[in-house]
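Supplied in structure tokens, the structure appears directly below.
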Amino acid sequence: MDKLSNNQIAWRAAQDIADGAYVNLGIGFPEKVAQFQPAGREAIFHTENGILNFGEAPPPGQEDWDIINAGKKAVTIRPGTAFFHHADSFAMVRGGHLDVAILGAYEVAETGDLANWSTGPKGVPAVGGAMDLVHGAKRVAVITEHVTKDGKPKLVKRCSLPLTGVACVTRVYTSLAVIDIEGGRFVLREKLPTLSLEALQAVTGAELLVPGPVADLIVPEV
Amino acid sequence: MDKTVADLATAVAGIEDGMTVMIGGFGGAGAPIELIHALIDRYRATGHPTDLTVVNNNAGNGHVGLAALIEAGMVKKLICSFPRSADPVVFTELYLAGRIELELVPQGTLAERIRAGGAGIPAFYTPTSYGTDLAKGKPVEEFDGRPYVRERWLKADAALVKAEAADSYGNLVYRAAARNFNPLMCMAAREAIVQVSRIVPPGGLDPEAIVTPGIFVQKVVAVADPHQEEDLNRANAAYPLEA
Amino acid sequence: MDKLSNNQIAWRAAQDIADGAYVNLGIGFPEKVAQFQPAGREAIFHTENGILNFGEAPPPGQEDWDIINAGKKAVTIRPGTAFFHHADSFAMVRGGHLDVAILGAYEVAETGDLANWSTGPKGVPAVGGAMDLVHGAKRVAVITEHVTKDGKPKLVKRCSLPLTGVACVTRVYTSLAVIDIEGGRFVLREKLPTLSLEALQAVTGAELLVPGPVADLIVPEV
Amino acid sequence: MDKTVADLATAVAGIEDGMTVMIGGFGGAGAPIELIHALIDRYRATGHPTDLTVVNNNAGNGHVGLAALIEAGMVKKLICSFPRSADPVVFTELYLAGRIELELVPQGTLAERIRAGGAGIPAFYTPTSYGTDLAKGKPVEEFDGRPYVRERWLKADAALVKAEAADSYGNLVYRAAARNFNPLMCMAAREAIVQVSRIVPPGGLDPEAIVTPGIFVQKVVAVADPHQEEDLNRANAAYPLEA
């Protein structure tokens, strides 16, 4: 089955970020979204550990380990950067000041529930800022492969893994489609043009509603 | 990304009838006099906005700034901690005549309620006001054997704020004790409207010294040489000011 | 009856402020305490409106109206002054970081209840920071005339005026005596040497316990 | 009034068995490595302090700093949001062997609980963790139709904190994102112990740029050229460090 690369998923998600938006990107895969911000549109990136308006990674060897992102990777400052402590940082998150948070997922339910912090009881549990980020941002979006490595749906009726948040996700960008969550249901907005609705439904764990036109999900090689 | 607006009238254009408006300052320090006067100008020209609920520590002094806003008849309700001043005649007369509502809040609780509104904390417990008239009707709960009063967050449609300098991202620094409620009100308002003595380009503020990060600010307007309420009142000024 | 002047009451209260103490003085009469800090002992004064370690009033005509105290009087900065916003300021108060708060009073009850913000339902009510200051400081002391202008006791069994706080005051410096509040009772520590215990009791609205020695309250002319 | 102490050993001398100790830093940024190592030195010499409850965002990395404190066997319980790292072997092994307790707290809730501890707010409501395993057993209440979880303040007997500079009053400034939890922990601890790269005389810090006012600080010690955890781990260092 044709599918988008991670870079392509990130590119698609970046197209929906408005000029001037305040954005938090989850650690790992979502960090890629920053690379694809459309020309002429400025996003201001927030990291939980206390930087607003940071820049890209420094060249290797030029890291300043006091200037890092939530994933503890080195970033840089820009004209207009601000530093602040953790309580102020999460006031930005919880207080509804971010325009968009883009996160990874193990599972997303049609209810908007998200599971992205724990794969179950074994090992050392670690939550970080995930449970905070799903609340407060005006729009919480997920980027993800459409199915697991074993081919199981990641978009499901109800999450089987421990929840990160309840009814929090409003849009999912997958390797196959763009799907909104509205009224507790998946609503298909875009799909790969080579993919039939039936084939997409077959790899999706809950019904896809199609109340309006479905656009072709066309993404450049990036 | 540029949050600066051209003039005071544009800055306050989004404030409508019935809104809750936070106004920074402690007495005259940090009071956004020019923004308040711009709002009065609009009311005098158009009859709007009116029926405002205003949040401020005080109730204005003399006949300028917040006192002038109240005197113009634009304020339905005031939420504050200390509606007295050297010359509080405007508020006092309306209040005693039953023509303005007052919600009296202890000063620290007022600050914390505003901060909570900005930080997404809908309610919190405080020892302040326990056992007093100002706790009446509020839930009380014991923690570790001591009683506390539950208070709710306070949010606003808009905040009128005075700072010393801003960059175009809306990052702010303040001046001395003119800081007071201003940073909190930026956090708690849907639209934080800030007058500053100077606007600098991005990078013009030390990122370590920024008090209000730009994410909390929506509009910035330059007022190069702002009035100080205390000076106006010592000159017995009334708004509109003599030229 | 002999009694201390306001300056003398303030002087006596100042003698109990330790070197390095963080102190908040209520507006009005308590502000006088700052003038009588003993030589060699440094107190750091906090004002609710966002200054720590401020200095004395500037000469007339040299006021900076952005550098004021809670009573909106001009003060000055010193080396080591810090500015902060109102939420941080009341975190200092409520969070137990002040060593001493010295406040005025209409009435103090033997229970430690304080009434100092409202003389009743008429006029415009105003509370300011009074209700916050009575909580959090490690020691809340009151300075006051021993009786009202009409000669009625201000130290009472139960307050008749609206309360500022419950069981918050631990020491009262009056124009006649120094009285601790312990276990819900007034405990006499010092009294004017010219004053008999009986005479003091007669102008006090609740019983004065005398479990130990009572020192002479001797204050210089100041 | 001088809060500076002569050396690291003096700085950490008041920390006793069974205490709750907050340790600043987010990963290595802002981690008070030298204060932690001084505490380990005391333990190696005297067998104390032990049975500590430590509050930190993470669980240490490699074999220095917090990881070395855990490895030395001084920590009974960890309260943190993210006990994973590039090299979390020390905590992971003890945890999986059931030899260290873990209280997992969402990062923003952790920050707010610490701030609440410092601000005298015994409990507050947050949307974070509602409906998840981490909210189990906690009171839930609706405000304006939305459910929130009640969380308690977090206080400590001591905090180990890293800042950039201090004056003798304990006023502090930080460096970049090394700020993180450090200012909050100063507020929430009975004794905030701070290592700084430099100590300046009163007046040497801009009063507008002070992040932690000295009232929140009890001890300051100079560590002119502090280690950066990231650098130590890239060099595969372990505490005690080779000379």
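As written, the chain order gives the labels A, B, C and D, with residue 1 at the start of each chain.
Keep in mind that, in the parts below, a residue touches a chain if its C-beta (ideal position, glycine included) is under 8 Å from a C-beta of that chain, and two chains touch if they have at least 3 such contacts.
The shown structure was predicted, so the numbers you read here are calculated from the model rather than taken from an experiment.
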(request) Quick one: how many steps at least from chain A to chain C, stepping chain to touching chain? (result) 2
(message) Need the CA-centroid distance for the pair chain C / chain D, whole Å please.
(response) 36
(request) Please compute the C-alpha centroid of chain B, do the same for chain C, then give the distance between them in whole Å. (result) 30
(request) Going through chain A residue by residue, note those that touch at least 2 other chains and give them in order. (result) 77, 83-84, 87, 90, 93-94, 135-136
(request) Name the residues of chain D that each touch 2 or more other chains. (result) 112, 115, 119-121, 126-127, 174-176, 207-208, 211
(message) Which pairs of chains touch each other in this structure?
(response) A-B, A-D, B-C, B-D, C-D
(request) Within their complex, state which residues of chain A touch chain D. (result) 47-51, 63-68, 72, 77, 83-87, 89-90, 93-94, 113, 118, 123-132, 135-136, 162-166
(request) Quick one: which bits of chain B touch chain C in the complex? Just the residue numbers, please. (result) 26-30, 57, 59, 81-86, 88, 91-92, 95-96, 102, 104-112, 114-115, 126-134, 174-184, 211, 228-231
(message) Under the stated contact criterion, what part of chain B meets chain A in this complex?
(response) 1, 115, 117-121, 167-169, 171, 187, 201-204, 207-208, 210, 213-216
(message) Under the definition above, what is the set of chain A residues touching chain B in their complex?
(response) 19-20, 22, 42, 44, 46, 52-53, 77-84, 87-88, 90-98, 135-136
(request) Would you mind writing out the residues of chain D in touch with chain B in their complex? (result) 112, 116, 119-127, 141, 143-144, 146, 148, 152, 173-176, 206-209, 211
